[in-house]
Each structure stands twice: as structure tokens, then as C-alpha cells.
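Each of the next two complexes has subunit A plus one more chain, namely subunit B in the first and subunit C in the second.
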Partner chain A sequence: MKHDLSLLLGILIALLAATLLWVLHATLSLDPGPRLADFALARLDESGVSNPVTAVLLNYRAYDTWLELAVLLAALLGIWSLGPAPTGYQPSGPALAAMVDWIVPLAILTGGYMLWVGGHAPGGAFQAGALLGAAGVIMRLAGEPSAGLPGETAQRWLVVLGAGVFALVGGVLLVAGDGFLHYPPGQAKWLILLMESAATIAIGVTLAAAYVGGRPRRDASRR
Partner chain B sequence: MLLFLFDVVLLTTLVALAFAAVLSPEPRRAVIMFIAFGLWLSLVWARLRAPDIALAEAAIGAGLGGALMLAAARRAARRSEASAADGEGSA
Partner chain C sequence: MNAQFLYGGAGILLFAIGLWSLLVHESLVRKLIAINIAGGGVFHVFIAIAYRGDSAPPDPVPHALVLTGIVVAVSATALALALNRRLEQLDDDDTRDASASPPDTQPMARSPETSLDQPANGHSVALADRRPAEPPAASCAQPAPGLAPRSGGRALTEQGSPAASNTGSDGSQGQGAHDV
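Moving on to the complex of A and B:
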């Protein structure tokens, strides 16, 4: 029975792979047609940033990024619903502890740089958030059970910060401006910086909390 | 010519790492192969002149995704060990 099931799965996956190859072939043999890259580059000056990737992620297609943040939030809610966090690792020895003392501040500093540099060169909220999350992972591996995260209440606020700020800015612009996440000219840069900063913190906290692997313990929040 | 050879090596290694990750029977080994695959894939993105995706792939796909999956594999191994011990105890 189990053998039959794995055979069926193999056939289905092979069919899926064949379909994907066919789609790839069909796409490659198509005439490229007018591409969106030219439109995106043409209005880069108005987007508030000079890195085209950030312009797409935070301006032209900001709602995509908003929904990505919502996906991260939903993933963390799923992890938290599995139960309380397991206990952490044993405290680190002196060599690892000394290295962690250096690596964690450096990771946070590099995260801040990544966030700022995203405006004009490769970088941005997701990479910066990943660095913050990595700092949390290293702290947990070195024996800090909470991965450097604050108590439960603060953690809940920080986790919804990213999607929340996007919704708030979008809502205000929807009521007062031209439409949802449609920035008024001249203010795009500061709005993007605000939203990216919030997203960076939320991504970092979410990834570190996901690595902790469960709902934060009650007693940790009382300390 | 040299660049073409480099691309061939890059792609064959990538496919070999993908197969190694999918076919390895032990979860821990599969995750380690997956991390290597992610880091290698970020090289491919860099070669395609997509530094943004290369950064994201290395940091999130290989780094944090790998850390999460290693933790999950560790927990799954512990659970299957515990259930195996239970099975022996009851038999």
C-alpha cells in the first residue's frame, strides 16, 4: 500500500515537472512583447528611491510586500499555535560567548546598513530583517532561551508592526490621498523609509520568534 | 569560453545538490544539502546579475530557512526516537 502511494506520488511529480518544463519552453519561445521594466525605470525619479528593485517592492507593488508581511505573520501564528516554546540550549562556553558578543551587535549594525542602502543599491527590508533574525538565532544557539526577544506582549506588538504600519499608511492615504498606498509626490521617500523600518523590525522579530519555535513563555514576559 | 565552463560547473553542481537534498533518506543530511543548495543558488543569482535575489536567497533561503529546518529535523528525530522507544516498551 505504501509502495503504491509512493509510486503514484512519483508519477504525479514527474507529470508536474513535465508540465513545468513545457510552460518554461512555451514562455521562452514566446515573443517578449512590451516589458514592464521600461515603465518602471521611466518613473524611477518619482518613486522616492533610486534602486529599481526597492521602487517596485515598496512603491509600485507595495501591496505585494504588505501581503508578504501578512504571510510571515500567519506563519508565526501557526508556529505559536503548536504550543509553548521548547527549552533553550545549554549556556555557551567562553569562546562562543565572546564571539556572540561581537557577532550580534555587528549583525544588527549590518541590518541597519542594509535597510538604508536599499534605497539606492541592492538591500532592503527583507535582507535587513533576515540579519536581525539571524542575530536572534545566534543568541538562542548560544543559550539565551528567548533569543533576545522581549516579553510576550511586546513581541505580539512587534510582530504585527510591519503589516500594521503598511495597513495604517495605506488606510490614511486611501482616505486622505489618491488611493491605497499611492504616495503623494515628494513624500514617497519618507513614507517608504518609515514602512521599510517597521517591516525590518517585524521580519527580524518574526524570524527569530519562528526559530524559538513556540509561543513565548508567560514567565519570561513578567521578568 | 572560461565563463561558459564556469556556468556549466555551476549548473551541474546545482542540479547534483538538488538531487542529493531530495534523495537523501536522513532529514538532517537532506537539510544540510538544502542549505548548500541555497548558497549555491545564490551564486547562480549573482551570476545572473540579480544581487537583490542573491542576498535574499543566501540570507533567508539558505540561512534562516536552513536553521528553521535543522531545528525541525532535530525535533522530528527526537520524536521518532521517543515513539520507537515507546513501541519497544509496549511490545
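Moving on to the complex of A and C:
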């Protein structure tokens, strides 16, 4: 690109940034007024969890989270449709292998903790899933071509697990309860835990499989 | 209020930097990084707006939106990287076909970009598997105007690289720029 054109773009974008900064400043100095937070916090007791972010994600706007899992699934299907996975990295040396032996179980353990703690403190399915995915990335970097994932058929089941459990719970509640993903009183906690667990596994497997970067090879589960 | 403005303002600056980089640079990988930086800036602004002072808990709705946004951004980035790698494979095939004819048109090398794109070595085996099916797809991708300088740049890097021969024991370190 021409030098002066990029300079002109830079000036224009600087002006845009200055305008946005001014708008942000003006907005912050206003009185906040009513926000969704008031509604979200007012009914937190009924939501089954005490972490308001988890309540928004898994209760008030659970269908958002469901569609988000569908986005993850669609992205992975797109990656798989582009061809088989590239070959992995060369096997790691002894120092890296010893570190991976420690890091991967720790990441899985921390993921389980993150999943549970999401009910009352920052944490939840996405953080836990990200940790599981990171464990897969580390394993692939250390020379395990399948990133620790099972064979192709099992992988396909695992990646639809999250969106599938959401759809299943939602469908059952739609038929037998008050509406799609409208939890009956008192049951919310366990339904949320079930759905979050499924979402955690699906997110972790999807992220690791996306890092592998292609359809699993048939011999992927063996070295 | 001050800390809130500082955090949100930093987000706006990140957004501006990302937007500028997205518009100015030509390499797809750099555009992708730019989009992610701009997206990070937007997340900053959301988090800053959610803050309601030290006394009250922050607004959970923007927090949930940011979590959603991060996941969507990560998966979109993964898909874009995979598409980018596929395009590069097609480019490689094009240049390999073209290198049979005399190399009359070689656009200037763009060293920073090509060094970002360079390590395609790990994919050589996958490439060999698919080779016979390639020509129609390659001819489809050819007319895209943005690809022409890239394939030229790749021709330069490729001649000395083992990717052209499919013997494949070459190291795949450095491939990390491609995977997510």
C-alpha cells in the first residue's frame, strides 16, 4: 500500500479514536441510570448459582450460550472440511516431556476446579474448557500428533456434546416444563452443572481439535 | 471513574491500532492479528463499562457478552487460519506449476510477511495425499487478485525449502504461527 495513503488512514483513524474517547468520557461522566445489572442481581437467588456472570450465561441467556457452542462447532466443522490434519511436531526432548507430564494433569485438574467454582466465583465452562484445550495444545506441541484426543468417532461425539446437551435439556423443558431452557424452580443448579460439564468437555475438545487443524487422521489415536 | 476511563480508553486505542493495521497491511495473517487486537480493544471497553465503582458488583451482562465474544473470536480465528493455510497450499501448487515455465514475473519479495508465512513444511505429506485432486480447485483460486503477490513471494522462499520435496522429515517447529 502507498505510504501516504496509510498515513492518511492513520490520521483518519486517530480522529475516530479521539471521537470515541470523547464519547466514552462523556458516557462515563453521566449518571449510569437503570442497567440490566439490577435485574440480573435482583433474581440471582432463584438462578441456581451465586456468580452473576454464570447466572447470565447459563440461566437468563442460556440460549445465547447454546448458540455460541454451535458457533464453535461450526468453526471446527469448517476446519475439518478443509482436509486432513497436518503431521504433528517432532517428539519432545526429555526436559519438555517431563514438564508436559506435570502440566497436562495439572491443567485438567484446574479445569475441573474452574468448572465447579464458576457457580459462586469467577470461573465456569469457558475458562475450564480453555484449560482443557490448552492441555491439548501443549500435548501436540510436545509431539503427540492427536493432541491427546481420542479417535475420530469419539471426537465427533465429544464436540457435539455441548450443543447437544443444551438442545436436549431445552427440548425436554420445552415439552415437559415451562419453556425452552426455562428451569423449574429448585432444579436449576443441577441442570446448570450438567450443561456446564458437557460444555466444558465440548469446548476443550473443540479447541484442541481446532489447534490440530484438520480432520483427524485414521491412525491419530496411535503413535 | 479515572481508572475506568483509562481502561476503556486503552481499549479504544487498541481498537484504533487494530483497525489501522487491518486496513494497511496486505498479509492475511497480519490482518487476522489486527482483527484480534481490535476485538481485544472492544472487550476492554465492555469490561470498563461494566465497572460500577468499588462498592457495587460489576454489571454481569457485559462480562457474559465478553466471554461469548472471546469464544467466537477464537473459533473464527481458528477457521480463518485454517482457510489461510489452505490458500497457501493452493498457492504453492500454482507456483510449482508455474516454475516449470521460465520465471519471468517475480514480484518483489516482502520479507517480513513471507517470514511470517514461511513454515509450511509440516504439511508436505498432507499435500502429497491430495495432490491429484487439486487442479480444479487451484484454478478456482487463481483469479483472486489479492493472491498474486503472495504466490510470488512464496516462490522465492520455496526454492530453497524442503517443502517442495515431500520427503517430510524436516522439522515442524516454527509451524506454530499457523496453528491456533
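Here, the second predicted complex is superposed on the first by the 187 of 223 C-alpha atoms of A that agree within 3 Å, B and C clash if a C-alpha of one lies under 4 Å from a C-alpha of the other, contacts with A are read in each partner's own complex, and residues count from 1 in each chain.
FYI, contacts are C-beta pairs under 8 Å (C-beta built on N, C-alpha and C of every residue); 3 or more make two chains touch, one makes a residue touch a chain.
Bear in mind the structure is a predicted one, so any value in this text is a computation, not a measurement.
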| item | value |
| --- | --- |
| More subunit A residues in contact - subunit B or subunit C | C |
| Touched partner set for A:145, first subunit B, second subunit C, both or neither | neither |
| Subunit B versus subunit C as contact partner of A:123, first or second or both or neither | first |
| Partner chain(s) touched by A:76 [first = subunit B, second = subunit C, both, neither] | second |
| Subunit B versus subunit C as contact partner of A:6, first or second or both or neither | second |
| First, second, both or neither for A:37, with subunit B first and subunit C second | second |
| Touching partner for A:131 - first (subunit B), second (subunit C), both, neither | first |
| Partner chain in contact with A:211 - subunit B first, subunit C second, else both or neither | both |
| Which of subunit B and subunit C A:53 touches, first, second, both or neither | both |
| Set of subunit A residues, in rising order, touched by both subunit B and subunit C | 53, 86, 124, 126, 207, 210-211, 213 |
| Residue numbers on subunit A that touch subunit C, as the complex places them | 1, 6, 9-10, 13-14, 16-17, 20-21, 24-25, 27-29, 32, 35-37, 40-41, 52-53, 55-57, 61, 64-65, 68, 71-72, 74-76, 78-79, 82-90, 124, 126, 140-141, 203, 206-207, 210-214 |
| Residues of subunit C defined as touching subunit A within the complex | 1, 4-5, 8-9, 12-13, 15-16, 19-20, 23-26, 45, 48-50, 52, 56-61, 63-64, 67-68, 70-72, 74-76, 78-79, 81-83, 85-86, 122-123, 125-126, 129-130, 168, 171-173, 175-176, 178-180 |
| Complex contacts: residues of subunit A adjacent to subunit B | 53, 86, 122-124, 126-127, 130-131, 133-134, 137, 207, 210-211, 213 |
| Complex contacts: residues of subunit B adjacent to subunit A | 51-52, 55-56, 59-60, 63-64, 67-68, 71, 75 |
